[in-house]
Each structure stands twice: as C-alpha cells, then as structure tokens.
Amino acid sequence: MRGSIRALGRLAGGLYLLLLYLFVMGPLLFVIATSFNPATSFPSRFEGFTLSWYAAILERPEFLAATGTSALVAALAAALAVLVAFLAAYALSRQGGAGGRGAMATLLASPLLVPQVVVSLAILQLASSFGIGTGFWGLVAAHAVYVMPFALRLILTGFARFDFAVEEASRSLGGGPLATWREVTLPLLRPSLVAGFTFCFILSFVNLPLSLFLTGPETATLPIVMFAYIESRIDPMIAAVASLIVLAAATATLLLDRFLRVRLVD
Amino acid sequence: MNAARTLHWLLLLPSLLLLALLLGLPLAAMLARSLEPNVLLSFTGPALDNYAYLLSRAYYLQVIWRTLRLAAETMLIAIPLGYAAAMLLQGLSGRAGNLAIMGLTFPILAGPLTVVLGWMALLADGGPFLGPLVEAGLIARPRLLGSEAGVVISLVQFVLPFAVLTLYTGLRQIQPPMHEAARSLGAGALSRFWHVTLPLSLPSVLSAGIITFSLAASSFISPHYLGGAGQLTLTTLVSQFIMATFNAELAAAAAGLLLLLMLGSVVALTAAIGRFIRP
Amino acid sequence: MPELVLSHVTRRFSGHTAVDDLSLTVRDGEFVCLLGPSGCGKTTTLRIIAGFERADAGSLTLDGADITALPPEKREIGVVFQSYALFPHKTVAENIGFGLKMRGRSRAEIATAVEQALALVRLDGLGGRYPRALSGGQQQRVALARALAIRPRLLLMDEPLSNLDAQLREEMRVEIRRIQHSLGITAVLVTHDQGEALAMADRVAVMSQGRLQQMAAPAEIYEAPATAFVGHFIGQVNVLEGRLEQVDGRTGLLALPGGLKLAGAGQGLAAGQAARAMVKQERIALTRAEPTGLPNRFPCRVVERTYLGGGIAYRCAAAGASLTALLPNHPLFERFAPGDAAWLGWTAADCTIFPG
C-alpha cells in the first residue's frame, strides 16, 4: 500500500516535470515546426512541409551580413567578459583577499537586474551628450557588461573546486607567477573558461534589447535585422532564421555537456 | 597584506571599470537628463517636472501600474512552479540531473526573440496550436495575443529557468542529514517541508523572487510583441518615446521611474520575506 | 650548511598577531616539529619560511644567506601541503618532474630524477597514473617525492599526515623519518598531534598564541615543561590551583582550597603567590595501601572508572579536589570500582608548579 502511494507520487512528479518542460520548450518546438509550413502568413495553421523558407534566407543578404556582425560582436564581447570575469573570480576566490566577497559578487552580477532597454538608452544618451556615436566598440562593451555576470558565475563555480595550494606548490617548486598561471591555474580552469566563453557568446549573439539603440546600418546585429524585418511584415522565413539559431544553441549546449562536463550548479 | 590587498583590487579593477563606464556612468547621466526640460514642458534647470508629468496622466499611470502588476503576477506564478520543479530535480543526480538543468536553460540560450516568435504561433487564435481547437469548436476564441494573460504566460516561461536554477542551488545547500534528523525526531513529510525545507530555503526564495520580478519588469520583447500597443509597459513606453516621439527627456524619466520602482520593489520584497529568514 | 634561522619574526593579520617575535634555529640535518593548538601560528610560521607569507618584522636566513625578501620560487625549499596540492591535470611523473622542468633541465635528466624519486618513496611504476587514481597514502608519497625531486635545502611539511587513517599515519611517520634520515635533509613539520611530534622530531617547538613556548628534545618537552602552557598541553594532565605556602629554592608547598598540601618543583616561585600544580595522569599511583614512600599521598574515593583498552582511568575525589589517575591495564596493578576507598600518591619531581 505504502509502496503504491510512493509509485503514484513518483509518477505525478514525473508528469509534472514533463508538462513543465513542454511549457518551457513549447515555443521553441513551434518555431521549428512553423519554419517548415508552406503557408505564407505567420502564424497560420499547418498546410504541409517545405524547405523553401530556408532557401528564402539566402536571398536576403542582410541576414548573412548581420550574422557575421553578431558573431564578431559576440566573440569580442565574450572574450572581454571572460577575461575580466576571470580576474575578478580569481580575486574573489583567493584566500587572504579582502573581505566582502558576497557583496562584491552581487555588485558584479548587477547588470542582470537592470533593464537592458534602459541601459541601451542610457549609453546612447551618454555618448550623444559627448557628441560621439557609440559605434562598434560601444556595442561590444555594452554586450560584455551584460554577459559578464554569466561568465563570473561559471568561473566562480570552477574556482570552487580549485585548491589554491597547487599554485603555492608550483611556486615552491620554482615556478614564477607567470609560469604558475600558464602551467597550473589556466589549464585547471579551462573547462569553466571555455564554458563561460560559449555561454557569453550565445547570450550576446541572441540579444536584442541591449542593441536596440546602439546599432546603426553598419553594425546591425542579427536580432536587430530580425526585429526590423518583423516590423514590416512577418512570414515563416523569420521562423526559419530562428530555427537555425535554436539549432546552433542546441549544438553548443550538447558539446559543452559532452566534452567539458560543464556543471551549471555545483 | 598590503601587496595582497593591492593585487586583490587590481584584479577586480577591470570588471569594476567596465561596470562603472557602461552601467554606472550612463545611468547617472540618464537620470540627470530626466531632470532637464523636454519639448512638451518648459521649465528651467534640474527639476522633477518630467516625473510629475508622467505621474499626472492617467494613461501613463496605467502603464506604470501594468508594469508592476505583470512583474508581480509573473513572480507569484513562477516561484511555486519553479519550487516544485527544483524539489523534483533534486531527485535526479549526475548526468541526468545535469542534462535536465541544461535543458531548462536552453530557452535562455535560444534567445528571447526566438521564444517570442514561438509564443506568437502558439497564442494566435488562428495559429497552428489554437486554430484547430477553435475550429473544431473545442474552445472559444481565447484572444490571448494582445492580452495581459498572453504576456504573463510568456513572461512566466521566460523567467522560470532562472527561478528553478536559483531554487535548485538553494535547496541543494540544505544538508541531507537535516532531513534525516527531522525524520528521526518524528516529523512527517509535510512537517519536514514546513519546519525544515521551507525555512532553510527562504533565502533562495528571496533571490528567486528578486530575479523573476526584475526580469519581468525589465522585459521588452514579450510586451512588445505579445502585448502590443494596448499593453504598453515602461520598457516599451521608453522605446516609443525614443523611436516614435523622439522625446529623450521623457524617455529618460520613464526609464528612471522604472529603475526606482524596481529598486523599491526589491527593498519591499526583501523586507517582506526577510522577516522570516532566521540567521 | 643548511641551517635555518628565524629572528624576531612577526606577522600581523587584521586584528591579531599570528606570529609574535618568534626566534628559533633549525640545525643542519635536524628534524623539527612545530607543535601547537589550531590558531597558534605554526602554519603561518611555515608559510613565512616557504615564502607564501611576508613577515611584517624580523628576518630569516638559510645557509647564512638572508631569504626574508626572496620569492618562494627562488628559495629552493620543498613543501608538502596538507591537501597534498598535487596537480590533478598532470601525471605522477609530471608532478614529480615539475620543479626540474621549471629549472629548464633536459628531458633525460628529469626522467632519471623522477625514477629515483619514485624509488625513494616506493612507488616504482606508477609514474603514468593521474593523482586521482591513487590512494591517499600514495598521493602523500607523490607529494613528498615532488618536494624532494628539486633537491631542496629544506623540507617543509604542513600537517602531512592529517588526511590519512590511523594505521597509515603510523606507517608514514616511520617512512618520512627513514627518507629524511637517508637524505640527511633538514626538515620542519607542522602538526597539532603531540604524539606525532614526540615520535618524529629531533626537537619539538611548542607554540601558543604566536609565541614560542619551548623548543627542546621530545623527552625534555614532556618531562620538564618550561611554561604552564607546555605543562598543560603535553600529555594527560591534572591541573590543581592553590597558593604557595613555603618555598625553598626550586621546591615549594602548594596549599589547595580543600586543604591538600602538595610538594612540587618549579621556577620563580615565591611564598604567598597563587600557583598551579600539574601532574601527568600516568604519574599518579592509585593503591589500596598507603604509599608511604611518596611525599604526596592522600586518601581518596574512586568516583568514576573509564576503560581505555591499554589503560584504565580512575577519577578520584580527595578533600574537594578531583584528580584522574591512569593505570596500565595489567594484572600487576590493582583494580578499583566507583565508591572504593584508595590512596593517591606521586613524587615531588612529577609535580611541576607554575606561578600565576
């Protein structure tokens, strides 16, 4: 009797998780499904199967150009974010450092909680009050600040399992500060650094609100081009673009799990 | 100690500098801008006229109230849903647990624009999901697109992964012997939850509350695409001021209001839940 | 000659002084244990010697050369860490060869040195393994081999045995001494385990609150504690507080509040002064007949009996004082039960008196 109540509980729990995952994943599944729908309006009922929307992307050169811009911005922003987050995480994790670790980590995570549209506007206004454009590097820096908390979190998780005594061991064996970082610290943290870079890259790549006021014709990112496209008309081609993004993000996530055993929670 | 302390701050300097230059300084400049006259109002020097203007129009008050209501509703729905999921996910371990967590964060990585396109397909009366149901006469036209309910549904989905991750980490930190101790003292499953698990997880409930509320209040894409002109929030209002009416000062004031209201809500939330957190 | 000299070394952390005006000398080839309770400054002292911490004041010399300002990588001092701190991403051989690689030695030379080091710690053939594939005891040996492979002038060990279980700990005590002896290397080991310090060291340095209490051979530390702290800290000790009645040079008579008068020895004693007597538990005789040969003898009642395996501890009450006598678990010794009347007795030499 007790056993069957238990089994029933497990079943209910499993069912709950299944529904929750369907709810969380549902929109993505429908975007992908819609991208194969030959109907010319979006959204509309399924009318068959076609790959023509994917072919249609090739006829829109601005999407390809924007993909290149997005990738470049994302790569630079992720590299910058991982670099400063690594230095900060090193300082916050090391023993003997100054106190206030929790407060500092919270401060560095604060970009997560500030509305990105507001940040975008604020940077635009600051730049224009100096009479300068924000340009490409302003965009990169804004993205870097926004994705840095994610890098910080992943790298701090990596440091949680890092025994700082190995650095002292290296020093006592004759390794100078630089040799110690090259031989010991960086190799041991490589999984967190790669994971941090990948996450930051993706988050920057798909970000829209932050870029809203910071892009011009030269620096239009993929989400901005999609945004502009949707403003004028909406058809399943945009779903095809979105599906390709989902595919890329899924591949990256699986690779991280497969090769780096990255853990988001310790 | 001095050398170690210097190194400590030197290592923190780049991130703090980045934060100051691209977050602190712009926000400060924007708040200063919000105190300047705009094309609709004539006043001299720094004053609160822009704020007074926004707060005196019923239309804008409605936008402010809607922003807070959406954020609160999203938080109140996402926290219990996420708490249950986080507790169930504790049961999974190793590879399966990690994959489950990774899967949950996947929509964050796919990007909000992609997700919202999915919701546009899912929530449209004539779309591939609801369309057949409506036509078969199974349900009445739900008219979710352009409604507050539609925005809340998508916001809950958007913040849920953050809530689950935060609560999962918090629940993990409760040591299993704690449950065993409670059990050995005769506590049943419900009283174990009520007297041990829930009180000990309150700090993470507070964090999850702050995160979900802030993300919902900050969100732009969901209200823009799923709410539309009829469901303006402070973020979409800011973009309208910039893109449609070119009123930078009012935009800055609306953004400043959003920041102040979010800050106030976080303080209120901390006070409300913090009372129950024992050291 | 690799002799280590610390003179007036001081280290302050915000709020407290971890190492307070510490001076000591470790002679060439000597094995010294730094012993003390946690927080006494022994690990900080070791870290200052290794170069991981700077001394705020004072200086260190090794081999007669000042090393106070030298960074750790220039000191030629081998360190074995409490957590072993093996490089998890390097094999055992790469771990052991790391120091020589940093010195730019050739591959062949490193390979030979690694073989020798592995043989020294009896881990031949395990060079290709990764640390996590080794047992705790094996990891400990790798840590030792890695520190020794650079042929250091001095070997430092920070609680090296604390992560091992009891059986292995005993073995490694002998093993570390064997290796230290065979190489003739000067060594400093930090421990909070007095049994470990007494068993391994040529000389033990007892520290408390950042200060050196006494530095001497193990037997002297045990038999002739120089300070009240050492007397109390080493061994299982009865502490009795009272007032000195008579003092005659180094001997005195301590009157306890309950009326007992104890004859003992100590330094700097003065009549009328408050003082504490310390008697090691195993130095107290517990008999049914009055031990007439002992100057300190009192009738008592057995209150509690604790069976310890190798010995039996009896807590006894005598005129308001509570004393514990530790008797060997051997047929030659009398057995008692709680409630029994008996006699406690000990010599004046086994009763050390400290003023204050």
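All chains are identified by letter, namely A, B and C, in their written order; residue positions are counted from 1 within each chain.
One rule holds for everything that comes next: contacts are C-beta pairs under 8 Å (C-beta built on N, C-alpha and C of every residue); 3 or more make two chains touch, one makes a residue touch a chain.
As the structure is a prediction and not an experimental result, all values here were calculated from the model.
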Far-end chain from chain A, centres as C-alpha averages: C
Chain whose Cα centroid lies nearest the overall Cα centroid: A
Cα-centroid distance, chain A relative to chain C, in whole angstrom: 54
Distance from the mean Cα position of chain C to that of chain B, given in whole angstrom: 57
Centre distance in Å when chain A and chain B are each reduced to the mean of their C-alpha atoms: 17
For chain B, residues contacting two or more additional chains: 1
Residues of chain C that touch chain A when the two form their complex: 50-52, 71-79, 81-83, 85-89, 98-99, 102-103, 146-147, 150
Chain A residues within the chain B interface of the complex: 13, 16-17, 20-21, 23-31, 33-34, 37, 42-46, 80, 83-85, 87-88, 90-92, 94, 96-98, 104, 107-108, 110-119, 121-123, 125-126, 129, 141-142, 144-145, 148, 152, 199, 202-203, 205-209, 212-213, 223, 226-227, 230, 234, 238-239, 242, 245-246, 249-250, 252-253, 256-257, 261, 263-266
Touch list for chain A against partner chain C, complex: 163, 165-166, 168-176, 179, 183-184, 187-188
Chain B residues within the chain A interface of the complex: 1, 4-5, 7-9, 11-12, 14-16, 18-19, 21-23, 25-27, 29-30, 33, 81, 84-85, 88-89, 91, 98-122, 124, 126-129, 131-132, 154, 157, 160-161, 165, 168-169, 172, 210-211, 214-215, 217-218, 220-221, 225, 235, 238-239, 242, 248, 251-252, 255, 258-259, 262, 266
